[in-house]
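Okay, got some structures for you below.
Below, chain A partners chain B and then partners chain C, in two separate complexes.
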Partner chain A sequence: MILKVSGFFLRLSLLVLVSGCTSVQPWERGTLAKPHMALQPFPSQTALREHIYGSRESASGSTASAGGGGCGCY
Partner chain B sequence: MLKSLALMVRRLAAGDAAPRSASALHRFMGRQSPAPPLIPPTASESPALGALRAAALALPGLMAQSPEALAAPGDIVDLQYGSYKQTPWQLLGGLKSQYNPLQVDNIEANGVLTFSDRWKFGFNYAQDTWSGATPVSSAPYAFGGNNPSAAGASPLVRGNGTILYDKKLTAFRLDPNTANYVPDNRLVQTVASASPEIRNQGNFRLGYEWDEAAVNLGGGVSQEPDYNSAFGSLNGRMDFNQKLTSVNLGLNYANSDINALINPLYSPYVDQSYYAEKGQIDTIPNASGAPGRYLTGNRQDWTSHLSVAQVINKDLLLESGIGFTRSTGYLGNPYKAVDMVFVDTQGTPVPPVDGSTLPPLYAPQVQAVVERRPEERNQGMWDMRFVQFVEPMDASVHGGYRFFIDDWGITAHTFDIDWVQPVESWTVTPRFRYYSQNGANFYQPYFLFQGKAPQGPDGRFNLAGVPLDAYSSDYRLSAYGALSGGITVARPIGKAMAFEAGFEYYAHAGDLRLGGAGQGSWSNFDYYQFNAAVKVDLSAISTAKLSEPEDHAGHHHHSGDHRQQHLGMDAPSGILFNHMLADEGDTMVGVRYAYALQQGGMRHGTGSATDQQIVAQGCGPSLKCTFTPKEMDMGMVMVDLMYAPTDWLTLMLMPQFMSMDMHLRRLDGSPDPGGGGHAAHGANPYHATGGVGDIFMGSLFKLYEMEGHKLHFTLGFTAPTGSVNQRVDGNTEFEHYGMQLGTGTWNIWPSLTYNGYAGDFNWGGQVSTNAPLQNHNDSGFAFGTLFQTTAWGGVQIQDWLSGSVRALYTFQDSISGNYPEPFVPSGPMDTPQSYGGQYLDIGIGLNASVPSGDFEGNHFGIEWLQPAYNDYNGYQLERTGTLWASWALSF
Partner chain C sequence: MTLRHWIISGLLLLGDSHISLAEVVLGQAAPSCSLSKIGGGAEKKLDSFKGQVVYVDFWASWCGPCAQSFPFMNQLHRELSSKGLAIVGVNLDEKAADAAGFLTKTPAHFEILADVGGSCPQGFGVKAMPSSYLIDRHGVVRHIHLGFKPSETEALRKEIDALLLEAASTP
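Right, the complex of A and B next:
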């Protein structure tokens, strides 16, 4: 049941996303390909800062899409 | 470290998504980067057209296979250094903590490589070193936890017995000026020192990519003396709608073991009964000091994250995601205590000071307890990011919001915004971030109860009688906000490298909480953070090689081993300055790692030393030694950056990063060490230091060259960038000389190197000396002059692999000068005469170079140096050996 419902919502949200946007053709993606249009233009720097936030804040430790080690017990 | 892995995942995943892969390429190359060679750029091409072409090429269907394989776009190696420094805690009353503010150094190497078109391999290695002041609990200022007692030590969690309360539970402080009590409800952090520690993390990721999907499998370990963690992850991406939409799903698991020594400075005064009853306290007896008490535990974290990225139009990208994390097990911080204060207002008040008009005051019963958190935590989050192009400025705005909620009562909001502005070849990015959280429902600065403290049948404090099942005074669980801002600058260097640096200032304050009314200002602090990175774009190197003119390319396209030999790169891994660069304009990036281990017995001259000898003679004629090392590890990371402005000169810059740790033991028959210093380490005297070492700058000059023979001279200097002010336990006393991160002096470091080769054989020799140019450094001493000479021979085993054997003779003088008074040596490691000596080491090594294909020109070396003869100055720990490992890439 849950699977059915979540599957429905997934398809619905995809449908909304797909239909809600004008199509951007491959030859119109020059701007999006610029280095500073990346979601994370400076990934290793961002990672280092996030690691520090994670050791100073309660909420920062759980957004990662990957597990990692480190106590941050200082 | 959760995040860095996550971002690596994203970086891997980003490798072929249409809007992002070209970004990955360009990110390291700047906008003038050479494109993949199949559609060569034309001189008149506009930047917009170039970007368009790159975007088109990033679509898998258009990325036809080159006959000569290339490292794929997004294949990079980067090396990063980071430094974090916190401002001192406000202790009130003009008090200054005896401990230096918290400081963390971080070094990191990342790589992403593509194999056979669709397989991606990523790795990450990171090392953190930290030391300095950290709060152990918080309490009223009147409690006096930070005030030095008559003996000089801070009473920390015990307080100094001067706090009283009235019937309304207002705290009163003894005012030394009037000798009477004054109402004072102000709070302070009770500050102790974080045990100086080194954390090492290594992880990998293996990914497979289809045209419109990718799967990544990853895992790794993180190790600290008190915290070991192993983790794995599975991550998938699907693209839809001609890659305008991509969906990411990640699942992760981490399993961590905690084994933390409760700070012996306050361990006897902190109730550990809750954990003792659960079998989580290990007591390690110590014949000559207080037993070490370790808090042990295990935790497990499961994380899932689902996100959708959507191209909205040609200038706007959106991403949104939800995540859920479940953590179980021991989720506390073993170094945090809480003060429980019981005020029996039905009891007898203390007799008032003569003439006092104060209300009746009561002396509380104070008990410190190791903090306790729930053993389960469920965390949910929702986030959203956008990237919008700002055409008039050719800039982009990145913004994000994240909502967090958990079942500990914490909700948090994070907002961040960046403005990424290209300015000629630079990219300048100012950045702001705001964070706000509610406190956990079991957080209090300290726990105040009206009534008697619960007692057991033996009349002692009974923690089980306290009606709380979770309690913490960790300021990170309090209500506060944080505002930070910073700037990042980046620019490409040469053909395939980029430089990046960032700075951030961060202010944590109760008042900054969304809507105000957070924690009081007593827990406010600021920190600043700096980082710098060098990145190498492997795909650009392949591209550059292919685009070289035929005659030049011909020079480069000897078989790989020949090229290495001509350069002298087949010399054993542990030989510095072993080769020049062949051609004008060549660049080399490399990393060399040395690990030296000393372990086992103590030595004196060429023989062994007994404890009795060391006690009597190891600390000079008038002092007896108390401690001696039993193990010392030193890790050294050297980043080799070389550039050849002409073919007879190579310039070299070599930053060094150090990490060291030492285990000590009491010497048999030694005198009592007294109260401070190492005695405070309990059963396990352990020290660690780490951070930036001295930086080397030099020039290599070609002296002589003919077929089969090469001779070059290196003239270099080291600058005293490494600290020689490392202290044990904050700043109470100097670390041992050998545990300092640098020399503290300017040194000259010349060497003469000969490389020879014929057929499958190579050989060579080097003489070098490293001598201080100053008599002593700011800490009063100078390391002795080092002289080394080495000779080696090597043979080609395969066309990509060679082996080497060498002999190394080392002479080093003892230390001159010494730490200033009142420093008192506690063992031979604190004695200048017990440094240096004469050594002969035998080394065996392997060198591998990639002769062709995607990663042509990558060179790897490994060498083990085994001591064969040792003549130690004074009393020193036996040398076990040194391991060298190196990677280099020239282009």
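Right, the complex of A and C next:
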């Protein structure tokens, strides 16, 4: 009996949760298209900072946009 | 839970998804569309352009390539409106003020209308911004163009010229 009831609630909660998901249509992306919604608002500044950081740390991590071994000589 | 329960649950969840499957197909009649002037006003149906070749362009103020496409559409309007081309720019902005601001910076000489209630892009199955659809004189969708690149205008122009040459009487 308890199993039956919990199964019912599982399905009910799935239904309620999934109904919260909507796909954003191409024409509804006005807010997402705003500059302050960008992951990197200043891409060239970020790239420069990562380059300097990589050089100083003598190791460029996965964030480094340019290739190189961290010697700062690329 | 038995398998039957899982299947029923799955079907319920499927039915719950909000993805619309409506989409125009080449060679089929264009979906009907309720439009009006930006900011409200009298309703104008897309069907009212029947008999003309219709270039329907879905645009919004926040879309960069849309702004790029306006001079091209102005040129088309200038050169081909006398030959039976109707250009309809369907605005999909959520705020009418955004569209009005865009139009002061990017003037449009062709017909600008706004979608009423969001059903128009749904009916067409708009997948990109901008999206343009070429509808022939019988109301049949003949060409779908996603996005806008200046390099693609020549091919688009040829397509429009060919449609304009088709007589209204032949199916």
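In this text, the second predicted complex is superposed on the first by the 39 of 74 C-alpha atoms of A that agree within 3 Å, B and C clash if a C-alpha of one lies under 4 Å from a C-alpha of the other, contacts with A are read in each partner's own complex, and residues count from 1 in each chain.
Operating definition for what follows: contacts are C-beta pairs under 8 Å (C-beta built on N, C-alpha and C of every residue); 3 or more make two chains touch, one makes a residue touch a chain.
In this text the structure is predicted, and so the values were computed from the model without any measurement.
Novice: Could you let me know whether more residues of chain A are touched by chain B or by chain C?
Specialist: B
Novice: First (chain B), second (chain C), both or neither: which does A:29 touch?
Specialist: Touch partners of A:29: chain B and chain C.
Novice: Which residues would you name on chain A as touching chain B in one complex and chain C in the other?
Specialist: 14, 18, 21-23, 26-30, 33-34.
Novice: Taking the complex as given, what residues does chain C use to touch chain A?
Specialist: By the definition above, chain C touches chain A via 1, 5, 9, 12-13, 16-19, 58, 60-63, 92-94, 98, 121-122, 126-129, 131.
Novice: Can you list the chain A residues touching chain B in their complex?
Specialist: By the definition above, chain A touches chain B via 13-14, 17-18, 21-24, 26-54, 56-71, 73-74.
Novice: In the complex of these two chains, what residues of chain A are touching chain C?
Specialist: 7, 11, 14-15, 18-19, 21-23, 25-30, 33-34
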